[in-house]
Each structure stands twice: as structure tokens, then as C-alpha cells.
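Naming follows writing order (A, B, C and D), and every chain is counted from residue 1.
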């Protein structure tokens, strides 16, 4: 069966459940999104995108941005980044605080908030906030093949206003001497990065490098080395969904990263990059319909990093 | 390059470092093992085993047995097992206690000790200790194609004598009402299961089912369903090496499970099962040379669940 | 106003609320106690006991026994005891486990269960279980001026049967090498000690030594040195009621130790020893009516270690 | 023996050890203090002060200010304060973070930093920072009978610059919705309060109200009600020295509160208020010589809340 048919059938199979789950409401811009939005896009190395539903409407990618930030920080810092942030799963939010304290300000991985703040700090480096933000946008626009990709200033401002927890984490990191830049500067980039606005189609296209050893098979552009791409996939699989990562690996079977905006970005090594979007979240903060859509796609395609390569043809 | 050459070259490349790392010394039987033992065996679906070094000498597989126990308990209990034990990574040993207490006696996953004790309890079920032990041996002998596979009674007795921590965990579980069988009965099976004695060759052959969707491609025997095999792989990747799982996924890139006896069992979905053995451990309790051998094999073969399928031919 | 009037009025003021709170139900012997029992006894250095209600009926003193065990272990071991158990408050039960693990098996204080198990182990020392139990009884009979004081064998057996949590703690301690005697031997004394059966009158008389610098002002018998008596008072004040110690110090204002049997023993330095009994517990596991009775007595007498000595006369 | 002799002899007995311990060095103003400073002052209800050493030199009282802030916040808020902050000991700094998270932003007590930040916030209430600071100074000047008492602006600024940990705590509290005022406003008062500069003599005189049921026996001024004074004493005894409170209660035997500036304020109910100062700290952050001086005074006077009132005359 071809991919477009699979995507269409998956969308149809779940469309009646649009609106299930609970959209994030901690900032007005997220609470205002129509909860019935639902999009699926699969980008493949032949340059095509199999798509269904709301795939061209930009939404707030939130924590999905941590994947791009990690790739960029790794390219900038190299393996030295791993002195500042770990590569192990962290358990739930409670444990991530306990461990941050126990491990003297070294976050467990780049996908929990404290780890993402450190990653952003390293991505900024010594060049200042403005240069870093320009570079981030520039890279994403090239990867997403779309010069209009930008962040939503309203969302960024709301994130900052509702950012008490992230401020607490950043000050903890500063207390342990783990940040190179002043707390508010790091956060100003972090909040904008979370406020990046992209469509399913743009996301899937931007992330093909993850599934193809670091370079976009369509444009030939390299985002990072092959071994770094593999390692980002490993981190997504182990830590991409907070305390729900095991469940996700179990039910979907390939690397993914979710955001509270309702998006999930997945990488199927050697095959495709997938982006889904549906605002309602499950209890672990992952898109409810999005996770079901990915499980359905895994089922219908047979894709899983935990089974052998399917016979070709 | 053919697999046998890769195995031989890997063995040769590391042979000078035999004896590095620190063998487990908490029981005499482990402390007495020659620290320079080193074996590598790769079983493939064509029925061949590429091997180098001490691949036919049985050693104490210890926590590797948790993989088999999980497969058997899952077959017996079905998905109901997941009501008694979770599927999420646990962080370090400290966290696993904290979480056991916080989550009211539901261990985070079947590969930490508390989770393995629950798994063993469910595998015993209501048929009593002796029947369960017979069944365990019977299944392993069939999978390992060797009627001589057995457990080392000395090791089992020593494990029991040095088993204070496991007793504490089991009584905690009992306090939360999580065990079906009396603590000492569960532990008597658990300690014997940890004392299973197998060679690299037997281990690799026994575990082909993991890499081939639940059934042994050589004998055609089914150990568990395809989806369960995939899920065990997922658990091995996320939780197979205690607080070193992220590091292992990062550096090796496919599912594995280590034991303090110095063995590591790995599954390369669709390709092979690998067993390595070298008694010296790294700080996280994983075989030092074993982990290096697997990283080397991953490098030389290009095998990784995080990159695409290699071009055939 | 004389003490007997205060006791009578306190009893009368609270009598209508007999039966409030929730009696412990984890063992049948405790669940079977009439929840409307209510006794108050104040022993003074002149040899008199001001009493009201059920003061001559023996009940299970449970954790109150930890005070006597501490006094006896201190006399046996001297200050070396403090190498095995700390003197700091522990927070709640969750924290006491976390800390036991973090502090490598040194319990925070002798009044949490792990600390009491260590104290009992040191009280046993190298003389064996039977000699230790005889000594414990012998000392209590002398202090309580009553050769009939004994423990309830039914309760001790039930405690043992329901003792999963204490077994887990004891095995943890053993895992850290903190016990001199085998786990089950230590527990057999510990469970019997918890099953000691005493009346309010006996308890108050037995504990006068705490309020009078280590020796009973009536019989002249010395239980421990003056400085040890003071230090036991300090521990009772800081840690006598688990995670409710601050609240108790706040509302009552003198050292006390509660037991899940519904008894509370209090020491008013320089003035009196008080025992109250009412089986219904508050959420923190302290006798609800008992704590109210002590607050009432504190109010009516003006006794508090946190205010100055009242003018005499 | 009269108090002045006891103070003189205590000072002489310890004078050779001046300079022991490690002064706080996290801000320049503290690091610059002469480590050999050593003062002892005991204020009694007859208006006299027994003193020895550096008793008239002002030093940074740091966390001792939490006692005054608590008294003032209690007077302002009444018992409603206890909805925002607990009254139980917290264990070590690690646990205080764990518990803050576990208990959803309710600090365990007003003497850990998070609790003191909440107390300060409630003391500010809705009247703004400037009015609160004026009121604080005004009250302390009256209690200390000295209009020159003020805070050290340099220290306040340094505290703020080195205040990453306190900022983290304050943002955590804000994240849980526990602060009435903006984080930076609360901290601006908190840092100034920590920077209060007082001499031993002023401290001892200011704190007589604690030992005498809420009012200064010399001036007749009331600082708080009798029951609140008792309760502040209870909190000082249970939580006055972080994770060293049990040890302090054990060795000294009356309520105290230490500050990293090397001061300790103690209250001996019904008898006296004591202030000691020596900059070198022990591992728990309490003045090393100061704690020894208080133990010595306790020994020589026989004062202890854990033994009976001494015979008069």
C-alpha cells in the first residue's frame, strides 16, 4: 500500500476523535487553538510528502524545538556539550528536580527543560542573543525549505510571563555555575525557540536529516554528522516524551519528540520523517491523537526500529 | 567483510585489554572467575555463529536472565503483567528506591531488581516454585538447543546469602501487596534464575527470537509474539543497563542487557543476536570490554537501529 | 488548682469525643480494642499519680517502647550508639527511606522504625535474644514498679505477620552492614518490644526518670545519667511523633512519644511524667484525643519547656 | 556563681581557639571579617547584660533575622501564616528541595530559605517594599533599644549578586503560586533583612521577648503574644540549625538560631537571651566557637529546657 493511502486512512480512522485530550492552557495563545485541528505529514527521501488534514497550518512547536537546538548546539560545541548535560532518561518531573540537585546541576538529558536550557546556553555561546536567534532561524528556514519560518512573538512573551518554573530551573543551573550567559538572556532565546511556529509539512521536511544520517536526502544539505544524527535519534527514543518515553517506544517503536502545542516529530531511520499535530494532550503531555496516529502508521507500515528491515519490493 | 572476520578482528583489537575493569566480587563464585576471559559470539538466521575467544565456556548470566524471565512471564500473564511492573527507565539505583516508594511498589521496569522480582513472581504464578524452575530450564534448553543448560547451585546459594538488598526490595514489594507468592519462594527462583550458567554461543543462539520478531529463524520455534519481541527490544534499549542505558544506546545503538557476571546479550533486529563476555565491569556495572566490543562491532558492521537499513548486497 | 482536678476536668472536657479518630487496624489485636477507651495519668515526684478514666487497663504501647529501648541501649553502648543511628529529625516516611538510602543505612534517629531496629540490635548486643528480652522486661518491671508487666504474645505474633515494611527496613540495614545480629533475631525482639502491654499508670510511673535527670525520684532508682535523660527528652521533642513532631511541640510544648496503640508518653522536665491513652489516631498516627488531652493539660498547668518556670506557690 | 563570671570564664576557656572553623566566603563582605572576633552577651530580665569579648561590634546577622521576620509576619498575618509555611523540620538542604517540590511549594518551616522567603513575602503583605523595610527597621530599633540599627547596603547588594539559589527557590515558590509579591520585590526585602547589622549586645537585648513570653521584661514592650513566643522557641529548637538542629538540641539544650555571619541567638525561657559571635563555621554552617560557647554556658549554668527548674537560691 502506498504511503499517501496509509496517511489518508490513518487520518480517516481517527478523525472522529478530533478534540479528545486536553490542550495546554497555561498560555492564552495555546488555549485559543482550535482543538479539532489534526494533521499528518510524512516526508520521504524522494522529496514527496504524504499528507492529510491540517498540514499547512503553522502551530507552536514548543519542545520539538529541543531537537533542532540539540543538533545546532552539538555542531557548535561538539562532544564537549556532554560535559554540561547528560544522556540518560530522567524519570518524571519530580525526579528531574531531585536529580538536578543530586547531580550538582548537570541535567540528565537535553530534552528535559533544565537540559534544554543548558543546550540553548551552549548554542548561544559567546556571540550574544541576537546572533544566536538569527542563526537558529536561518538554519531552520534552510532545513524547512521555507524562508517564512519564524517564531510567534505573542507566544514567546506569554511563555516568558508564565515561565516561573523555567526561571527556577535556570537559576538553579546558575547557582551550580552551569550557564555561560546571564539567566534572562538564556531564557529569552529559550522562550523564543519554544515559540517557533511551523506546519506539519515544514517540520517533517526539516527533520529528514535525522532519518538519513545527518543530511537532507532531498537537498543534500548536511545538518550534522551521521553519528550525531544517530545519537539524537537515540536520545529521542529514550527521553523524547518525559515520563512517557517507555510507553511511546513500546507502542510506536521509533524515535519521537513531542511538544505541548500538540505536535510530535518522529524519525524513522532510513525511511522517513513524520510530523503529526492535534492539540489535545494525554496525561503525560503528549498529543493524544498524535501518538495514536503514529502507532497506527507504525502498524500499517510495519516500521519499527525493534524489528528487522522488511523485505524490499 | 564477512561476520567471522569482523568478530575475529574485534577480538584481536581488544585482546590486549583483557583483564581491564573490575569483576564483581560480592560472591566467591564470581570473584573466582579468570578476569582475562573474553568471548564474542554472533548468531545469524542462517544458523551460523561467528565466534572468537571463550565462547563455549559457561558463565553466570546474572541479570541477562531478566530478558528470558520477561519473555516467559509475558507469555504466561499477557499484558496484565504491565499492571504490576512499568515500562519506563528508572534512573540510578537511588532513584529506583525512591520511585518504588513513591509509586507504591510498582517497579519502573522489569530490568531493575525490584521489577525482575515481580516478573519472576508472575512467572511462578500459582504453580509453585519447582514447576516454575523446571519450566524455565526447559524453555531455555530448547531455545539454546542444549539440554545441558542449567543453573549453578553454588552461585544460587551465594546469591541468596549475599541477597540482603534483594530481600529488602522483595519485602517492600510484599508490604505494598505486590507479590503473589511468599517472599522467600519468589527469591528462591529469582536467585536460581540469576545463577543460570550459559556460554556466549548458547546465549546468542537462545536470543535470536528477539531479533526475529519472536521466533527462532533457525528452528522455527516461537518464543513470543512479534509485538512482544519488539517490546522486549524496546525495554532492553531503554533500560537494559541501569543508569548507563543512554550511554549504551548512544555508543552501541542497539538493544542489550548486561549482567554483573560480565556478559552482555544484544539483539540487532532483523540481523543477529550477539553475546559477549568479559568479567571486568565499568563503573555502571556493565562489562567494560564487552561494551567496547559491541561498539566496535556496531562500527564495523554499520548496524544501528538509529540509522537506515544498509543497501543490500 | 491541684493536678487531680486538672486531670479530672481535662478528662471530662474531652469525654464526649471518645471514639473520634481512627484506631490502627493493621493487626487484629489493635482493631479489637474498644475505641472509646480513654485514660490520663500524671505521675509526680511525690509518688502520687493524678488519674482519670481507663488508667489501669494495659494496652499495647507500640512505639512508646522505643524510648525505653533507647535508654537501655544507651546505657549498654554509651555514645558509640550514635555512630549507628543519628539524632536529626527525618521528615515523613517517604523521606526516611530516601535518607536511609542516601546516608548509607544510618537511620536519622532512634524513633523512626529503621532507627529503632538498630537501637534494638545494639541493645541485644552479643548476648542473644533471650537474655535481651529478659533484661528488657526486668528493667521495665522495676521502673514500672510492677512485676506483671509483660508483652502480649498475640500482638507480637501479629506484628511479625504484618511486618513486611519492618522486614524491608531491616534487610536494607543488613545490606549496608549495619546490624550485629541476624535480621530475624533482631526483629523477634523488636516485635516483642512493640507488643509491650502497659497501663497509663505504669507508663507514667516508669517514665519519671526522663523528667528527673535519669533517676526515679520516688524509688531513687537510676535508669540513665542526667545528660542522657536530657538528650532523650531532646529526641522526643524533635522526633517523637514522626512528621507531626513540629505540630506537637507547637501545641503541647513538652517532649512526648506516641504509639499506634493510641498511647502517648510525655515528660515534663522537673515536674511530671504523663501517659494518655485513646485508640483513635489522627492522620499523622498520633492519638487524636491523647494529643488534645496533653494540649489541654499544658494549657491548664502552664507547663511548657518554651516558657519560663512559673512563680512557685 | 554569677553570670558575668560564667561569661568571662567561658570566653577565656575558648579564646585560644579563636579563628577555628571556616568563615563564609560567598560574598566579599563576609570573607573580609576578622576570623578571630569572638563575643558573648547574655541579657537578663533585670536589664543587665553579662558580656565578654567583641560584643559591641556590629556583624551581619544573616539567618538570625529569620526569627524577627517570623515574629513580625506572625503578628501581621496571625495563624494564617501557617497555611503558607509549615512547622516541621526539613532534614538537609537536599531534602528541603525534594520536599518543596513534593509538597507543592509549601516550605517545611520558616527557617529554611524557602520558608523565610515566604515569611518575608507575608510580612510585606500589600503595603509595598519600602513600607515593609521601614517597619522592620523600626521594630528592631525599638526592641534593640538602639535607633542606629540598620542593614549593611554592601552586604545586601552582595547577597543579591550571589543570590542564584534564593532566586531559584523564589521562582519555584512563584511557580506554585505561593508568593503575593513579585519575586524580585520579595528578594529585595529578603536580602536586606539578611544584611541586618547588629552587635551581640543588641541581639541579646532584642530577643529577651522570646525568653519572656513575648514581651521585653526590661522595657515592658510586647513583640508578640505569649503563645507565639513559645511557638517561635519551639521552631528554633526543632529547626534553628538546618540539618544540625538535633545535634544542637542535644548539646546545648535550648532554642537557638544561627547565621552564616557566625552569630547564634539563643533563648533560655524564663531566664535570659544569649548572643554569641565567632565567624568560623562548622560543617553544618553554624558558628563553631559559638556553639561550643553555648554548650559551655549550658553546662556551667545548668540551663536546659530538658531538665527541671533548678532549686532557687
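Keep in mind that, in the parts below, a residue touches a chain if its C-beta (ideal position, glycine included) is under 8 Å from a C-beta of that chain, and two chains touch if they have at least 3 such contacts.
All of these numbers come straight from a predicted model, not from anything done at the bench.
Chemist: What chain lies farthest away from subunit D once each centre is taken as the mean of the Cα atoms?
Modeler: It is B.
Chemist: Could you tell me the distance, in whole angstrom, between the mean C-alpha positions of subunit B and subunit C?
Modeler: Chain centroid spacing, subunit B to subunit C, equals 48 Å.
Chemist: Using mean CA coordinates as chain centres, what's the gap between subunit B and subunit D in Å?
Modeler: 56
Chemist: Could you grab the centroid distance between subunit A and subunit B? Build each centroid from C-alpha atoms only and quote it in angstrom.
Modeler: Computed value for the inter-centroid distance: 32 Å.
Chemist: Which positions in subunit B touch two or more other chains at once?
Modeler: 94, 98, 102
Chemist: Okay, what are all the chain pairs that touch?
Modeler: A-B, A-D, B-C, C-D
Chemist: Under the touch definition given earlier, write down the residues of subunit C that touch subunit D in their complex.
Modeler: That would be residues 86-91, 94-95, 98-99, 102, 108-109, 211-213, 226, 229-231, 233-235, 237-239, 243-247, 249-250, 253, 255, 269-271, 304-309, 312 of subunit C.
Chemist: So in the complex, which bits of subunit D are touching subunit A?
Modeler: Those residues of subunit D that touch subunit A are 94, 97-98, 101-102, 164-165, 167-172, 174-175, 183.
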